[in-house]
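In what follows, a structure is listed as structure tokens, so that the remarks can point back to it.
Chains here go by letter, A, B, C, D and E, matching the order in which they are written, and residues are numbered from 1 within each.
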Amino acid sequence: MQVNEGFKPTIVAFCCNWCSYAGADLAGTNRLQYPADVKIIRVPCSCRVNPLFILRAFQRGADGVILCGCHPGDCHYTTGNYYARRRMTLLFSMLDYLGIERERTRVEWVSAAEGVKFAATMNDFVSTVTALGENKRLEDLRCKAN
Amino acid sequence: MTNSQELKETLARISGVDVRKCMRCGKCSGTCPAYDEMEYHPHEFVYMVEKGEIEKLMASPSLYKCLSCFACVERCPRGVEPAKVVEAVRLLVIRQQGCNHMTPDQIPALLDEDLPQQAIVSAMRKYSK
Amino acid sequence: MKKLPLSQMPALYAAMAQGGALYLPVDNAAGDAQFTRWQEGMELSRALNTVRSAKDFFFPQTENLVSFRMQGKTIEIIDPRTEGEDFVLFGVRACDARSFTILDKVFLADPVDSYYKSRREHGTVVTLACTRPEETCFCQSFGIDPADPEGDAACWLTEDALYITARTAKGEALLARLDGLLEDADPAPVEAQKAQTAAILAKLPLAQFTTRSFGGDVLMKAFDSPKWASLSEACLGCGTCTFVCPTCQCYDIRDFDTGHGIQRYRCWDSCMYSDFTKMAHGNPRTSQLERFRQRFMHKLVYFPANNDGEYGCVGCGRCLAKCPISMNIVKVAKALEGDVHE
Amino acid sequence: MQRIGVFVCWCGSNIAATVDVEAVAEALSHEPGVVFSANYQYMCSEAGQNLIKDAIRDHQLTGVVICSCSPRMHEQTFRKTAAAAGLNPYMVEIANIREQCSWIHKDKAAGTEKAIILGRAAVAKVHLNAPLVAGESPVTKRALVIGGGIAGIQTALDIADAGFEVDIVEKEPTIGGKMTQLDKTFPTLDCAACILTPKMVDCAQDERIHIYAYSEVEKVEGFVGNFTVTIKKKARFVDETKCTGCGLCTEKCPQKKVPNLFNLGLDTRRAIYIPFAQAVPKVATIDADYCNMLKNGKCGVCAKVCTAGAIDYKQTDQHIEEKYGAIVVATGYNPIKLDSFEEYAYAQSPDVVTSLEFERLTNAAGPTGGTLLRPSDGKHPHTIVFVQCVGSRDTSGCGKPYCSKICCMYTAKHAMLTRDKYPDTEVYVFYIDVRTPGKNFDEFYRRAVEEYGVHYIKGMVGKVAPQADGTLMVQASDLISNEQLHISADMVVLAAAIEPDKSARPLATMLTASMDTNDFFTEAHPKLRPVESPTAGIFLSGACQGPKDIPETVAQAGAAASKVIGLLSKNKLTGNPCVARSDEMLCNGCSSCEKVCPYGAISYEDKEFRMPNRTVAIRRVAKVNPAVCQGCGACTVACPSGAMDLLGFSNRQIMAEVDAICK
Amino acid sequence: MQSQLIERAKALLADGTVDRVLGWKAGEFAYDMTPALFSSAQELDEGFAYDAFCGANLSKYLVKESRKGGRVLAFLKPCDTYSMNQLLKEHRILRENVYLIGVPCQGKTDVETLRALGITSITAARQEGEDLVVETLYGQRRIPLAEAMAERCKACKGKKHMIYDERIGEEGELENPDRFGQVAALEAMSSEERFAFWRGELSRCIRCNACRNVCPACTCEQCVFDNPASGVDNKAAATSFEENMFHIIRAFHVAGRCTDCGECSRVCPQRIPLHLLNRKFIKDINTFYGEYQAGEEAEGRTPLTAYTEGDVEPSVVYTKGGND
């Protein structure tokens, strides 16, 4: 994979409160490093994430958006991540269909115990998005810093 | 990388077996019909691979006592698949340079009217690596 | 009257584009004509007219008016305007050319809209006479002669040549720039074409359509007509008619939060929309009937009442062609005719 | 515009070492709306909290942003702090600059920059926060215990002891559960019945406990404090109020060939039966699958002999609706089916039995009257092989990946008791590991080996082959001596893995309680809330949560009871105010939200709206029950018009965070 | 056919079954039918029309009409009945206040399709056998009927009505057209090509909202894009992002609910093939979650309000089932 020297992507990570946010905390407790480019937004459940939020992030300058939730079957609310899974599958497929680089969006299931997986996922996602470079296809020029 | 580590990795690649999944219950050896014929028993195969003592296994005639009946694979509660380990060690032996190695000049001596040509060709392919 | 052989058209375009931009109708991916910035190799569309009218160039769909840049707790106010580029609008039809006059009455009346004014000043309108009007055309109802269009300069395309004549000082200036390409011409072929077109115009299905009955004091009669209910029944409340209309000039001013500040922009609005002219207390026109009525009353009654009898319509026929439910000013005017002339 | 105070915590050096806290506080002080900004060594300390309280009062703060450790750690702390200073607790937001910043970044510049951005996002969110007040709901002071085994019994007794009404729903005709089938209990070897039956009687006699035996939960509605449960009381065809439990009918019934499930099918019973002598309630039940009268209307013997006139062939299932404040799940376990373990010949030979069957074969009330006899020929077995971990710790797909926990100990018990009673019997135990982490457990196991001479062999049985002479050839490995053994045995006892009862999965769906992949109920927190389900008001007792032995079960039962008592002691419950809310002006009543709500918190009503020109329109709109809603937000995305929003995590709030981060 | 419809409508008006009739009214030209209400036999005689140009899907009007009191008769083409069912599923139409007559449809000719074929200045049109004969100001044109139809009719789901109180004509058959050929062709392109394609198409959008306002699945009391409180309202597509966002979100909001009636593409003044967005979702839903046709039934869950534990993971987009 090519490396985009010097490019620091903006990554928004939506994490469900019960599993993935706790997984991120565990990564922190275990001092597992991942790039500071990742900024986490806490949501109660992966099913709280509206496609509007994902598009909004890209509009405002995100280069990648990742959604993390409890593993299917482990949702704190029993079924939330199942709905999130369908929604995101279809949304991501649509973005890809519109020619938006599919690697800019991702869903990962990270449990509260998977600090290692959280850090590894973020490292991988950051390097993938870094290689893609700046988000051009879904940007809104009005929002670029000037 | 030491030879033993290298062998271990090759073996893992050939067999597709993760020996660390073994919980040492011994059911493979409990189920093995060729147990008494063997110097190293199925559970030992797995354990010795984990310890990296693969060369010992390669030298052991136990390799050829395994009937490949796959009873151990069938019964293993952890899905370790000992028979695949045994087969992989056999392949390691075969793949070793100089051992079972066949050169073209050996072929005339092997030729035999009853032997199909194809057998020679495939033997060449297999043993000349 | 000047002319140039058709083979010279690319050179004409290049000359027009010198020192600015040239926009002309070009076929887009959907096969429709669309005003496009001319580039080498582009050809004029053969379609009668563009889907979007030419008003975009003076009154674009969105336009930044002012920006506010926020840094911490300070706000800086920025005028985003830069010195505009001169441009030539080529191939404008007579109806759209007339629409500029109507827009001027709105935007150039006191208080003058400086954004609009600046664009008008930078633009030179070169019109093109129609030879094959369509069934939806009714510009003649408003005294427009599509065979002899207005504009800074007017053109006629014949089989072998383009005839051009200047009508304003801006047009003269343009022609002067094109001088090397043009030759003096006998206007006879142009006159012949005008006669031919006039014959077709007389046969158009809407040739007899007139809005004359809306002249005079018909406001309350029209407003109170019971027909509005059935006319507006099927209206979807979309903005298609408004947005393809060359004379619709309503806009909304909105703020966009960019994250670093605010961009205050204006964008086309449609009186068909439920939030049109929405104010703090709510919406003055709460039903689609009222909104629908507003649009046609404005074009047929209010606008002429305030603008020396000039209707807010140029008969381009775009709304006839594009309304999803085929409701339009012609149907409305015909339906109301009886009511206003009781 | 909010008046926001920003408080940046050093967390000693935990944050301050990699984040320039001063710079963060300084940068955030310039954010719009921020009127106060400070940093301090330990914000969560009393001094730190006082700093916050003082600032709220002195600067009339309307919002607070704390840049500190994870909100999972101290969000509650700081909310209480704010509340103490008179600020609505939900006006506090936490920027996690420890776990998700200082601890994972080494570069101070990068860490500081990120901390500022996280702080900015929190400030942006607080701008849109609104004071939230938790709703209150009443508590029905009655508990339901589902499952009448030792777990359910103990829970019910403890709850009743605290003075609350409690109902037990048991699907079998009697309460008692698995423990009634056991002979002795490890490691003390006291008799199971002797310690269990008094508790069963206590249940029957306690007027605060009502037992719905031979009943099942059919529907659960409502929420913590306010559950409405429909219980199906299955037809016994015997009037419980009249039956005296004399047992005459069970002797006279002509249908004798019914497999006796209490003895795991090792013997037979009649079509009308009382499972065992100490059953509670001691009432007969007609097995409709075998009763001649019910099947073809020819018999009626039981009705004739019953002097109490309790037999009622026309009885039907009854549905009872009850209200509860809390529900305890105590659905227990079952041994797994061993059909997929062909190598042990369980299906081929009657002399290969499970440990629970062995339990019945040694029980004085069992089919053999307590004398250990081979099921095949009724002869005394001289060699018995016990196999542990049959289906436990098995990831091959045939069994269960977990350790069933109780097998090591009961196998030691069986082996010891066999050797004690029949010293002429050779007993072999094949084990992978012997796990004895319990009080007096290892001593017990060692006694089996050292005092009773049980042969413990490290290794597994590979094959059990029934022989023509009626013996069983057991082929196994002995890993210590590194040999393969061939033992001619008379009996083989398999320590089958245990799994949650099959009724648990549908029940979990009814309760909206979560389960793990093995169908064990999930606890709200594996360490800190081990007897609560994540669904409020649902508690867990016994093996439905994971394999456990009797003392552990009883301990958990007591713990669950104490949680229930705590809940029922309250007159009102305060809910989570971060719930969904529907804007009825936007709602078009399409039902998408209702379909994705896991709690049934959304209902619809036809509502009148005043429309222009003095007209009225009636529209179907969604309504959220804030006491039922748990705040997941599934509805907010299902709703296309944005009518549904989540308080505390509103669309605008999340978008404000997105904006601040991407800026 | 037209007279048959009029007669039936008159009868139902006369016997009091309904008090008004929703149908189509003839216009100025051969093709400009407008959906209209008729409340008397006279009105029906004067203006009711039904022919090959009556393309509008009337089901959405019933959201409003069914709440006006009285009972309204609506004529529904087979494809409109899918929309009807979907609206009933969402409780948007009060069933008891509508009387539905299924009308046969042989596919609708479409004036925009004719214009795209270069047939403009139309003054009259008639069917002659398998051809459509169009009189124009500049002479007669003749084209096969099949070519004169809108794209949606070329990919017709079938002539069978999903719901009706009575039907005129024989029961039609379901058809199984290749609806996804164009989607598959786009999927086969590279990401860059798809991006270029959609930019080209969506950049023409004038945000007139015709697609949304005609869509029977878009019946929100207030659209998020019209609601200043939603934080995503926008009245104009000021940037390419907003052009994308409107259409992505609109397609997403109707995903699993869109019956593929094709009204969006029919009414788009800029001829943007909007149905290709909706069909992408339909295709994906069929592939990932099993065949599903919105509007087949008036009850049950839609694919996005349902799930199975074994659903594909979103990573399927990167691998199989992805777009290239």
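Details
Operating definition for what follows: a contact is a pair of C-beta atoms (placed from the backbone, for glycine too) under 8 Å apart; a residue touches a chain by one contact, two chains touch by 3 or more.
Note that the coordinates shown come from a computational prediction; the quantities given were computed from them, not determined experimentally.
A count of contacting C-beta pairs for A-D and for B-D identifies A-D as the more extensively joined pair.
Ranking all chains by how far their C-alpha centres lie from the centre of chain B, first place goes to C. Innermost chain of the displayed assembly, by C-alpha centre distance to the whole-protein C-alpha centre, is A. Chain E has its Cα centroid 36 Å from the Cα centroid of chain A. Rounded to whole angstrom units, the spacing between the C-alpha centres of chain B and chain C is 84.
Rounded to whole angstrom, the centroid-to-centroid distance between chain C and chain D, based on C-alpha atoms, equals 71 Å. Chain geometry summary: the mean Cα position of chain D and that of chain E are 50 Å apart. Each of residues 222, 224, 232, 238, 304-306 in chain E touches at least two other chains. Listed for chain C are residues 256, 259-260, each touching two or more other chains.
Pairwise chain contacts present here: A-C, A-D, A-E, B-D, C-D, C-E, D-E [touch as defined]. On the side of chain E, the complex with chain D involves touching residues 67, 89-92, 219-224, 227, 229-232, 253-254, 301-302, 304-306.
Across the interface of their complex, chain D is touched by residues 21, 23-32, 35-36, 41, 43-44, 71, 75-79 of chain B. Residues 70-72, 96, 98-101, 103-107, 110-111, 113-114, 117-118, 121, 512-517, 522, 534, 578, 596, 598, 630-634, 636-638, 646, 649, 651, 654-655, 657-659, 661-663 of chain D are the ones touching chain A in the complex. Every residue of chain E that touches chain C in the complex is listed here, in rising order: 27-29, 31-37, 56, 61, 115-116, 120-123, 136-138, 200-201, 204, 206-210, 212-214, 222, 226, 235-238, 263, 266-267, 269-272. Those residues of chain D that touch chain B in the complex are listed here as 343, 389, 393-399, 430, 432, 458-463, 475-479, 482, 484.
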